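By letter and in written order, the chains are A, B, C, D and E; residue numbering begins at 1 in each of them.
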Amino acid sequence: GDEAGSGASGARDQIKVVGSSTLYPFTTAVAEKFVTNNPRFKAAVVESTGTGAGMKLFCAGVGANHPDIENASRRIKKSEFEDCQKNGVKDIVEIQIGIDGLALIEAKNGPKMALTTADIYKAIAANPYGKPNTAKTWKDVNPALPAVAIQVYGPPSTSGTRDSLAELILEKGCDANPEMKALKSQDADKHKDICTKVREDGAYIESGENDNLIVQKLTANPNAIGVLGYSFLEENLASVTGVKINNVAPTYATIADFSYPGARALYIYVKGAHLNAIPGLKEFLGEYASAWNPDGYLAKRGLIASPDAVRAANAEVATKLTFMNGSDLK
Amino acid sequence: MSKAMTVEAPLPTIRAARKPTDWKTDAMQRRITRRYAAERRFKLMGLGAVLISVAFLAFLLITMLGNGARGFTQTEIRLPVDFPRAAMILDPAALKGPHAEVALATADIEGATTAAAVAAFGPAGADYISDSAWLKVRDAIRDDPSVLARKVEIDVPAATAIDLAAKGKGEPPAEAIYKRLNVEGRVSTGFNATFLTSADSTDPTRVGIWGALKGSLLTMFVTLLLAFPVGVLAAIYLEEYAPRNRWTDLIEVSINNLAAVPSIIFGLLGLAVFLNFMHLPRSAALVGGTTLALMTMPVIVIAGRNAIKSVPPSIRDAALGIGASPVQVVFHHVLPLALPGILTGTIIGMARALGETAPLLMIGMRAFIATPPGGIADPATVLPVQIFLWSDEVSRGFVEKTSAAIIVLLVFLLTMNGLAIYLRNKFEQRW
Amino acid sequence: MLALLFLVLGLGLIAWVTARMRAARFGGTGTARAHSLPAYHGWYVGLWTALPALIFLGIWATVSPGLITQAVLATPAAADLPAFGMERSAILSEARALANGSIQTAFNPQANALAPAYAQAITKYGVIGTILALVLAFAGGAYAFTRIKPDFRARTRVERLVMAALLVASLVAILTTVGIVASLLFESVRFFSMVSPVEFLFGTKWSPPASNMPASSGAFGAIPLFWGTIFIGAIIAMLVAIPLGLMSAIYLTQYAKPSTRSWMKPILEILAGVPTVVYGYFAALTVAPALRDFAVSIGISGASSESALAAGIVMGVMIIPFVSSMADDSIAAVPQAMRDGSLAMGATPSETIRKVLLPAALPGVVGGVLLAVSRAIGETMIVVMAAGLAANMTANPFASVTTVTTQIVQLLTGDQEFDSAKTLAAFALGLVLFVITLLLNIVALRVVKKYREAYE
Amino acid sequence: MEQMTEKSKMTARNVSVFYGDKRAIDNVSIDVDMENVTAFIGPSGCGKSTFLRTLNRMNDTVASARVEGEITLDGEDIYASSMDVVQLRARVGMVFQKPNPFPKSIYENVAYGPRIHGLASNKADMDVIVEQSLRKAGLWDEVKDRLSDSGTALSGGQQQRLCIARAIAVDPEVILMDEPCSALDPIATAKIEELIHELRGRYAIVIVTHNMQQAARVSQRTAFFHLGNLVEYGETSEIFTNPRQERTKDYITGRYG
Amino acid sequence: MEQMTEKSKMTARNVSVFYGDKRAIDNVSIDVDMENVTAFIGPSGCGKSTFLRTLNRMNDTVASARVEGEITLDGEDIYASSMDVVQLRARVGMVFQKPNPFPKSIYENVAYGPRIHGLASNKADMDVIVEQSLRKAGLWDEVKDRLSDSGTALSGGQQQRLCIARAIAVDPEVILMDEPCSALDPIATAKIEELIHELRGRYAIVIVTHNMQQAARVSQRTAFFHLGNLVEYGETSEIFTNPRQERTKDYITGRYG
């Protein structure tokens, strides 16, 4: 479906969504609700490609062969935005649909740990504060903690959840040290390296995202800690509990107000050029906006609603369909 | 007659060096006992190997069956709905016209259903029924708009927790609720027809495999349409006509190699060529089928060549000898005789394609598709990918659905393999 | 269009019948008879009638929509179409759908205005196309028809076409291979411009940088992935598959009653028919937890529930029928005379198998095992679902290792930027996998072939 | 080699056959006529089959085979590019060592040749051809009630006669037989030999055999091959009683039964 | 059938062999002794091989085969349950139609039997056994310098002698040979025939052949089988010059070479 001239593959009557697996359950839920409420439209196709591959597809161009919506578990990057521009995807609507809580969890019969971001950083960073990590047990990290071997199941480096872990927890723990904070302005790369690199000697175990298996592993191995999306914690409250960080337990409320460190915003990006071309696309955004309230059905699936002001602002974007300008991207 | 050749050569020295073997000595008998013991051990090891392999298969099948059988059943709750009291803005007359769907969509049936559940089971009642329970209510209205004037009882799917409790896999609170409802006679567990007739959903009580199955069938259709003729023709060419030169060697090497290339690499090929280069529609059975066809074609070629090779050359000589042209020889004699073998190979190749997942992940068939595909260019997913997707789902209700989908897939595959074995045994010919 | 298609095919059929009838009238017997059967003349004329017209229709089907659209755009109704492509083409295609009646109402009101223009253009080009196709059909048919004479070699011509079709079919294999190599090579070259091949092939550290880290902080040493792949696919899986497969083959071919064999063998083959996603699910949910519990109960700490062992064992089971059928073939290929020779010396069956049959069949068995290995290391779903993601270089089967295929899936479906070294690495890994399996297969096929020839 | 007459049906002049680089037939000239049955004899591997197969270009199917020299049928060069192989083979029929009926019905076996050559315009014609061919092959009485049975269900000797019937059905001029009896039991062999007697005169017949008694029984002319050479060719009676070449004599008196 | 003597090494009494329901050998009684080489002749498929293989129970390997009647070796019933098949086969060795050396070295080929039966306690003993066996088989001089070459690298005749050496190495009492020369050229055949002469008297030898000249050359007694029946059994000279049965005569005078 390139130029109007060819016209052969002109249009599509089905919304196409690609992108992050984190948003997959939310967007599919909206998609499903959308057709049951609007039977005249066809069901959307939601593909879980991962944010990066999805962004690539999204930015590849406009036309029936390219998706309309990108699910992103992080903000679009400057480079990706430029890629979009280059391929003619000029107008993009950016909507923050809610928050995904990153939660540290342990088995119900676990050691009931309470950690700080610095503890976590020191336990799983590759080179805490620039020195190789030798900690074997939590006690080595912080004498107040039990002498339990450090075993953390967490997202792999390919996943967006991992980015959040680095950004929202490790970096904060790292910056607790003033020297590191200072380093940030001197040598940003080195700071990143020291602060966000995760150890690879077995204490941190990369596991798949969205994986029920982590929960099962934790019940089987009560001394381990898991890092995963808040929705898993909620779904499995019978067998696992949240680990307090800086004395805050992961709950809906603490994540929503960002007091639990580990919350990240989730976005969808919509192609402006498709808004008029794809039947139902606008209505779909409306459905999304109506679903992301704290009492909406997305909450049941583990989405944490954004603060009221953010929701209102984004609801406006979703109805007015204002395009982003991308100047504040990194 | 001819005794002339007799040569007396007794080799006396050597004969003396060796005494005749006495097989009756103790040592010899012991040795034999030992050898027979070794023989029995070896045989037992062989039997053991077979039994272990079969046991593993049985274990796998039984596990799947045990988990999956539950996926075919669904617990339903008899929900009393008092329509007149529900105050829905729904005009029964509108349900007759062309705008019935819109009318149904705009009425807040969901709210009414939730309210009915709360009214029937208390404040937590909404959690007893599945999120999609209201669809049943909607269907009930659509089927018979007159219910709107009455109070009726409608069987709606129970929430996953209750469903699991009904199947003995639940947690204590849900079990308590289930027991209560059971005493009241409000729950029943029956065959889940939805599972066989609907497509993917986010709600485990509403999911079905029909969408994926249809996707699989469409994909297989494309695969068969491409791979079978190409495979058979290529097999004929290579086996019957190809001159021996570097080109045919190259073809031969590629085919043997393609048969062994990891399937995921075909996925990378499909991604690069069909999607990025040819811009065929993503997630479509067309692309999936074509990718799998490339994978299946070498299997068919190899099976086809073996089948063609096993047709005795004497048949070809006979036909050539009375003046049949090479093309006639093949199409009149060789191909009909080789067909059972070719079909067997095709079925096996198709069965493999039907069970294939990895390459399809690369070309976008890993998608949530809530309506069964209408054609080969529509977005579709296939059974194995559906299984993969469900195995990753958060909701616990998907566990049994995954196993149930596996059972469906296995039934198809085992049928196909069985058919292949049957064909092979029936038509296996030795000349 | 469809009607036209049938029209052309119908014409072809008519041509076939008439040419056949005409050729049948040539009659004659012995050396005076016509070169080819009437049916071949029929085919010759029929194909000449239908094929050029069909090819034209194929081309026309891709060209005419553009012509139609252009015609529509030239009309005044098209003047106020939005300038932008996607929306514009949406309206156009909706108008077309309205024009040919596949939809009743349009989302875009503008489409309604364009529909009549569309209908007109469609008719116009439809007529043009039909005329051209018919002219071609008649011209082709007439040309061919004038050529049929008793001594015309229609069969040779038709068979030449058949041969061409056969040749084209077999070229598909080469095209596929070229496609694979090209698609892998193109992205791999880009990858190797970012990461040195030496580091990639010999580096011992695999940690692709997280996206918020500078690219330089990661490491793309693929050795741990190769190790994991070999550990699971070539070591653990083979430790399961070789003894079980080989002994099963021996038992079934040498000891089992034919009746037992006839149902036991298909049952074993079912193991190969179970889809890998099912094995993966089984490995992840049933085998892995059980192994982990077992490891913990015997006091192995650090046992992972994504152990190499779970994936390896299940993969081994999947490979059993593969090994056993290769072994079966190899043993069967040893001439019966060898077996008779040994038995006639007073050897027991097991002695015969171990000392004569197996050594003789060894090259075949080895070749089969190599093929099995190549299949195991390319297997994806089992390891994606049941093996870990941690790039460990460990020989502890209860620990978690990762494999090439797992990483390919992970890299291509992760949340990272697509053009980063990370996603490109997937193609480089694919290339390595391709090369390795290619080599394994070449070697294996050589071994098997050479050895087969030894007895033929 | 001097008996070349004008009435020859087929003539071979200075024919050499190569398999790749290996010469299997070296410079052989021979004539075949309608009146006499010609037998090719010689030890195994001497090239009898190879030479026989050059006479109807069955060697074309062997990729490595190459023929030099000239072979004519009724004066036409059969290796000329104008010669249509398919028609050639219809005119020069072949019967093989192992009976090789098609796995089709007896009727279809015989009808196949006429059908592909368009020799019968309707079913009745075809019936006539099938019956006549089977009669000539001496098989009609044995199979007339079960024409729809599979050809492979016949006994070995019957199968071989079916193959002869099949060859006759396309109305050939020459029939080549490559050890047609070596897979048969003595009784079946006797029947085939009788048949060859009957067919003589109507077709030019060439038969390869490694059984000298058989050659003596059925043929009027015998060609003795050895290591690819035509050692001696002449009247059968003469060759067997009074061979001119030492090699022929050695072979005929056969230390090796 | 009346020559049954007390010195018989093996005796068969009323032996019938069935393959499934099909009777391949019908009520055959025969004696084999040490002094005479016994030849089994008869047309193809008459059951010669089948009967030969019952003598060392090689037919056990054919699932459908069933033997009735009594066969003894030194008076012991070889089909008795107390008979150990492994030992029986060591005592009654067998040489097959096609030479079938193992794909091992020449040495290992000969040493195989003694090794599995534990006939040599050390390498030196084994060397002796190998040398003696190869000498008896008349192969020693030809292979003594290349004992470690593969047995399959020898010529056909050498291979067959290697197989005989292999059979001799386990020190058997009877040697059964099933058309041992049919795959060999005349020179190799002559060598084997010579060897049989030499071995006579040391081993009871039974040889199956479809070559009557050969039977006449190597055997002292001949058994003529036809359609599973033992038609005639007696002195070779008598059978060939003065057959008592019509069937034997027909076969011997052989219209069919």
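We adopt the following convention: a contact is a pair of C-beta atoms (placed from the backbone, for glycine too) under 8 Å apart; a residue touches a chain by one contact, two chains touch by 3 or more.
Worth saying up front: this structure is predicted, and the values here are computed from it rather than measured.
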Path length in steps (a step moves to a chain that is touched) from subunit A to subunit E: 2
Third chains touching both subunit D and subunit A: B, C
Rotation angle (°) superposing Cα atoms of subunit D on subunit E, nearest 5: 175
Pair exhibiting more inter-chain C-beta contacts, B-E or B-C: B-C
For subunit A paired with subunit B, centre-to-centre distance based on mean C-alpha positions, whole Å: 33
Centre-of-Cα separation between subunit C and subunit A, whole angstrom: 35
Computed distance of Cα centres, subunit D from subunit C, in Å: 48
Centroid spacing, where centroids are CA-atom means, of subunit B and subunit D in whole angstrom: 56
Where subunit D touches two or more other chains, by residue: 86-87, 116-117
Touching two or more other chains - residue numbers and ranges from subunit A: 21, 48-49, 208
Residues of subunit C touching at least two other chains: 155, 284, 348, 351, 412-413
Complex contact set, residues of subunit D against subunit B: 56, 58, 61, 63, 86-90, 93-96, 98, 100-103, 112-113, 116-117, 163, 166-167, 169-170
Touching residues on subunit A, where the partner in the complex is subunit B: 14, 16, 18, 21, 24-25, 27-29, 31-32, 35-40, 42-49, 57, 65, 208, 210-212, 231-232, 235, 238, 297, 300-302
Residues of subunit B defined as touching subunit E within the complex: 1-2, 5-7, 9, 11, 14, 17-18, 20-21, 23, 27-28, 31-32, 35-36
Residues of subunit C that touch subunit D when the two form their complex: 24, 27, 29-31, 33-35, 37-38, 153, 155
Partner subunit D, residues of subunit B touching it in the complex: 243-244, 312, 314-325, 328, 332-333, 337
